[in-house]
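First the structure, in the form of structure tokens, and then the observations on it.
Order of writing sets the labels: A, B, C and D. Residues in every chain begin at 1.
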Amino acid sequence: MSTALDTAEFVIRTVAQTAVENEKYFGDLDSVVGDGDFGYSLARGFEQVLAHWDEFDRDDAGVFTVKVATTISSRIGGTSGPIWGTAFMRAGGGLRGKPEPTVDEVITALRAGIDGIKKRGNSDVGDKTLIDALVPAVDALEQSLLAGDDAATAVDRMAVAARTAADATSSMQAMRGRASYTGERSIGSPDAGAVAVAVFAERLAQTWNDQTANDH
Amino acid sequence: MSTALDTAEFVIRTVAQTAVENEKYFGDLDSVVGDGDFGYSLARGFEQVLAHWDEFDRDDAGVFTVKVATTISSRIGGTSGPIWGTAFMRAGGGLRGKPEPTVDEVITALRAGIDGIKKRGNSDVGDKTLIDALVPAVDALEQSLLAGDDAATAVDRMAVAARTAADATSSMQAMRGRASYTGERSIGSPDAGAVAVAVFAERLAQTWNDQTANDH
Amino acid sequence: MKKFVNDPQQFVPEMLKGIALANPDTLRYVPEYNLIHRADAPRDDKVTIIQGSGSGHEPAHVMVVGRGMLDAACPGDVFAAPPTDYVYETTKLLASPKGVLLLVNNYTGDRMAFEMAQEMSEADGVNVRTLFIDDDVAVKDSTWTVGRRGVAGNFFVMKAVGAAAESGADLDELVRIGEKVNSVTRTLGIALTACTPPAKGSPLFELADDEIEIGVGIHGEPGRRRAKWMPANEIVDEFLGAVVPDLPFERGEHVALMINGLGGTPISELYLLYGIAHEKLAAQGISVSRSYVGEYCTSLDMAGASLTLVKLDAEIEELLDAPAEVAVRVF
Amino acid sequence: MKKFVNDPQQFVPEMLKGIALANPDTLRYVPEYNLIHRADAPRDDKVTIIQGSGSGHEPAHVMVVGRGMLDAACPGDVFAAPPTDYVYETTKLLASPKGVLLLVNNYTGDRMAFEMAQEMSEADGVNVRTLFIDDDVAVKDSTWTVGRRGVAGNFFVMKAVGAAAESGADLDELVRIGEKVNSVTRTLGIALTACTPPAKGSPLFELADDEIEIGVGIHGEPGRRRAKWMPANEIVDEFLGAVVPDLPFERGEHVALMINGLGGTPISELYLLYGIAHEKLAAQGISVSRSYVGEYCTSLDMAGASLTLVKLDAEIEELLDAPAEVAVRVF
């Protein structure tokens, strides 16, 4: 059985690697009604996370995540630095001191991360941001776990929900962030941050079993 | 029978109108290894000649041509202003005070114009300039007239010689003017000024008979 | 991509190094934080003025650090607000007992970075105030939106507070002046072409040969609407039609008029626009008593221009008139 | 064509009008001759300095008229030397008892116009001298050719004679200084794109997306050779490889280094080039003690840059250091 720390490491490493691999794709998404730097910002920041991978404290999943958050907010610019940094910081804070967090505790921590973004960005569901993918993704994860599904299944459900929600942002008008400057013209293309969340979730779903496999 | 003044007026008006009509073509020729302003400069200058057409003194063909020369050099910039202005000035000077110039006097006047260009431009036959079209054109005109051909025939011969010579400049390397900066790269395209001379001569040949017709 | 660049990731550091090498007596460069600061900053007798923003807007802001203007600029990467840490470390390094004024163009990312940095610095006991500049009339403003963008008008706020700080004004006074200048400054941008970020290598959007983009910001993001190319006279009508009624600027008033190039447009075209705008304003009874023509706040290699009007009064004129020495210069 | 322009034939006059409107106290505009001159020129106690050339090189030369620089500039149309009459009338209007110095970049058309104007003015009894500038190393020089072109290095000649004239130097002295500065100044230009003259409406030549043109002049004419795009480090090697050995500039010498934008290249890229060139020169033992980065002599909207080196001595440094006030300015 993998520990919460193992899982945190797996999730964060997967997200980091996926961000680096998708630099161009995420940048192109941000070019449609944004300024095209989203992929570049995430890639440069998560490159640093991977570069300093072995240096982070690993007292528990929470401490580890908080350390990663510090690197993110110190190395990522643009809007992404503060919001992703805040999300990791809050989520990590929620898990700190809990070596074996319950499902409830994990979900609460993830929600804390989302609330951090909302507060920092003065934004909420419906503004056409990554929040519109994160909220349904975490909801799906929670329902699946409470229904007794195993982690792999729950992460699958999460990925499906994230993708559906990310695609749905196409029909929305941006109310927050740079995309909102283009007004109605922001309708018709998906939000870059929301799509990134979907891509991360899908990658986690695809690779989830390998990880646990490795632990046996 | 048309007077020398009639002929001068016809020739200059034809050249002026042809220059205005060919602004874009001459400019494109000058773009290949030059700076593209040749057509613009000639067109703006000869537009002025046409605009002030009725104001020029008409004591005789020479005086008329000299007056035109003044407008050209005061209104045309680039290399073309000084060289075309000088050519008209010298040619006009050669005809001044000769209401009924002989063939010899006409040819001598035209040669004076060419010599003016050579002196002003420190250039000569073989440098890939309009001189390479002007010299053979005037030679052909002279031979034809001395052979007893009528003016129309002589102008035809002149046009053919000008065109042949202008086309031949393609294989030359520019030794003078802006085109010379590109060195060997100037080989392969004709000289803009030489082509302009050919176009003017051909137009004169095409319309020569209408003019005399009009006089009857 | 046609640019003078080596590794696109080193574009900003290599540019900053060039600025430092070209101004060894007056400027210092701290690579860790993309920081360019005055050699003589911080000073105990002067409030420190710091501007951050993404890069790609040069000469704003790294090339306008100098006497009478900024004490420091800490840009992020191209079009990306600086990481919070850059702003925090810059503030710490240049903190003056008279306080620190942070100038920020109003964008989500920049707001976040500077607000977080201000919190962190205040926790260290540094007296920090932040000024948000939002002169762009292209963005509809309401409590439901993120508010207007800060664009070229930003230059006038920097110049005014820079001059006042040089003559010893305290932090509250600088905030008052900055807010005042920002409140009478309005700008609109029009693009003829998109721009190409070094790291992306291709234009941020496509414009047909006969199309222009009206109401663009300074990050290559699309504007409010696309229009057919039009002659300069009509372009100026678009500019003035959006800017003049917005404040509004009125008959009998004196203004500063800036025609700012967005990066790829030659200064000849900018002066052509200036002349037309100057006369059209005069025809409306608005007299231009200060002129600014050239590149102040650009969007990389974007061809285009922005027009800025500042309503002048004696105080603002005096501050704009004061001497200043910056990296971008002729001699 | 994507430009801010009305009738292309009015491009130059409308630009000149803008310059005059933006500088009402210091400049005068005489539309008949495309003439921009200092409001206080001519002066009996100062040699009058006049530069003419085609337009399209702004800020050269109409925007560098002012105290310590030119007394007047009479440009022709875009890329066309001014008609002889413009130069003659300008010389007549601004003749000073101390004489008139005509600065001319070495091009066939300009040579002709200024030589003819000088002859006409001398016939009027005006004391006129003409200085031909030819700093471009891209052109092979020999008695069989038309000689080298004058490009951005021209700025240093203007600045030096402008400063000397301001302090009362006579005509012979100015000619000596101008020839001296020209003799120690060398430039090479590299283009990333062609430029588009307003009246033509299309680029003067086509460059593929991965091609650059080395050894271009400032009129959009092709250069000496075409090459594949290369990183900025290698571009600087091309610049220095052509310029340094030409004079030559040698170890231990002090130089002024100018990175001049050709019109479409943002100043961020120019500073990046500057930094690389500064360090590569230092590595060769050549130390840069004066820096010039920005647009001085452009080719309309051409993307590209030129690098100029000037070998310095005490006299030249002092003249370059002297104050000057021109239309193109930041404040």
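Methods note: contacts are C-beta pairs under 8 Å (C-beta built on N, C-alpha and C of every residue); 3 or more make two chains touch, one makes a residue touch a chain.
Every value quoted in this text rests on a predicted model; they were computed, and no experiment measured them.
K.L.:
Quick one: which chains contact chain A and chain D both?
P.N.:
C
K.L.:
Can you tell me the least number of steps between chain A and chain B, where a step is a move to a chain it touches?
P.N.:
3
K.L.:
Report the chain whose CA-based centre is farthest from the CA-based centre of chain C.
P.N.:
The most distant chain relative to chain C turns out to be B.
K.L.:
Please compute the C-alpha centroid of chain A, do the same for chain C, then give the distance between them in whole Å.
P.N.:
Each chain's C-alpha centroid was found; their separation is 33 Å.
K.L.:
Counting in whole Å, what is the centre-to-centre distance of chain C and chain D, each centre being its mean C-alpha position?
P.N.:
The mean C-alpha positions of chain C and chain D differ by 29 Å.
K.L.:
List the centre-to-centre spacing of chain B and chain C in whole Å, with centres computed as mean CA coordinates.
P.N.:
55
K.L.:
Would you pick out the residues of chain D that each touch at least 2 other chains?
P.N.:
Counting only residues that touch two or more other chains, chain D contributes none.
K.L.:
Looking only at which chains touch which, which shape fits best: line, ring, star, complete or other?
P.N.:
line
K.L.:
Output every touching chain pair, sorted by label.
P.N.:
Pairs of chains that touch one another: A-C, B-D, C-D.
K.L.:
If you look only at chain C, which of its residues touch chain D in the complex?
P.N.:
Chain C reaches chain D through residues 1-6, 11, 14-15, 17-23, 55-56, 58-59, 63-64, 159, 192-193, 207, 209, 212, 229, 231-233, 235, 263-276, 278-279, 288, 291, 293-296, 298, 300-301, 303, 305, 320, 323-324, 326, 328-331.
K.L.:
Residues of chain C touching chain A in their complex?
P.N.:
9, 54, 76-86, 107-109, 112-113, 116, 138-140, 144-146, 149, 197, 199-200, 204-205, 217, 219-224
K.L.:
Using the touch definition up top, name the residues of chain A that touch chain C in the complex.
P.N.:
27, 31, 33-37, 40-41, 44, 73-83, 85, 120-121, 175-183, 185
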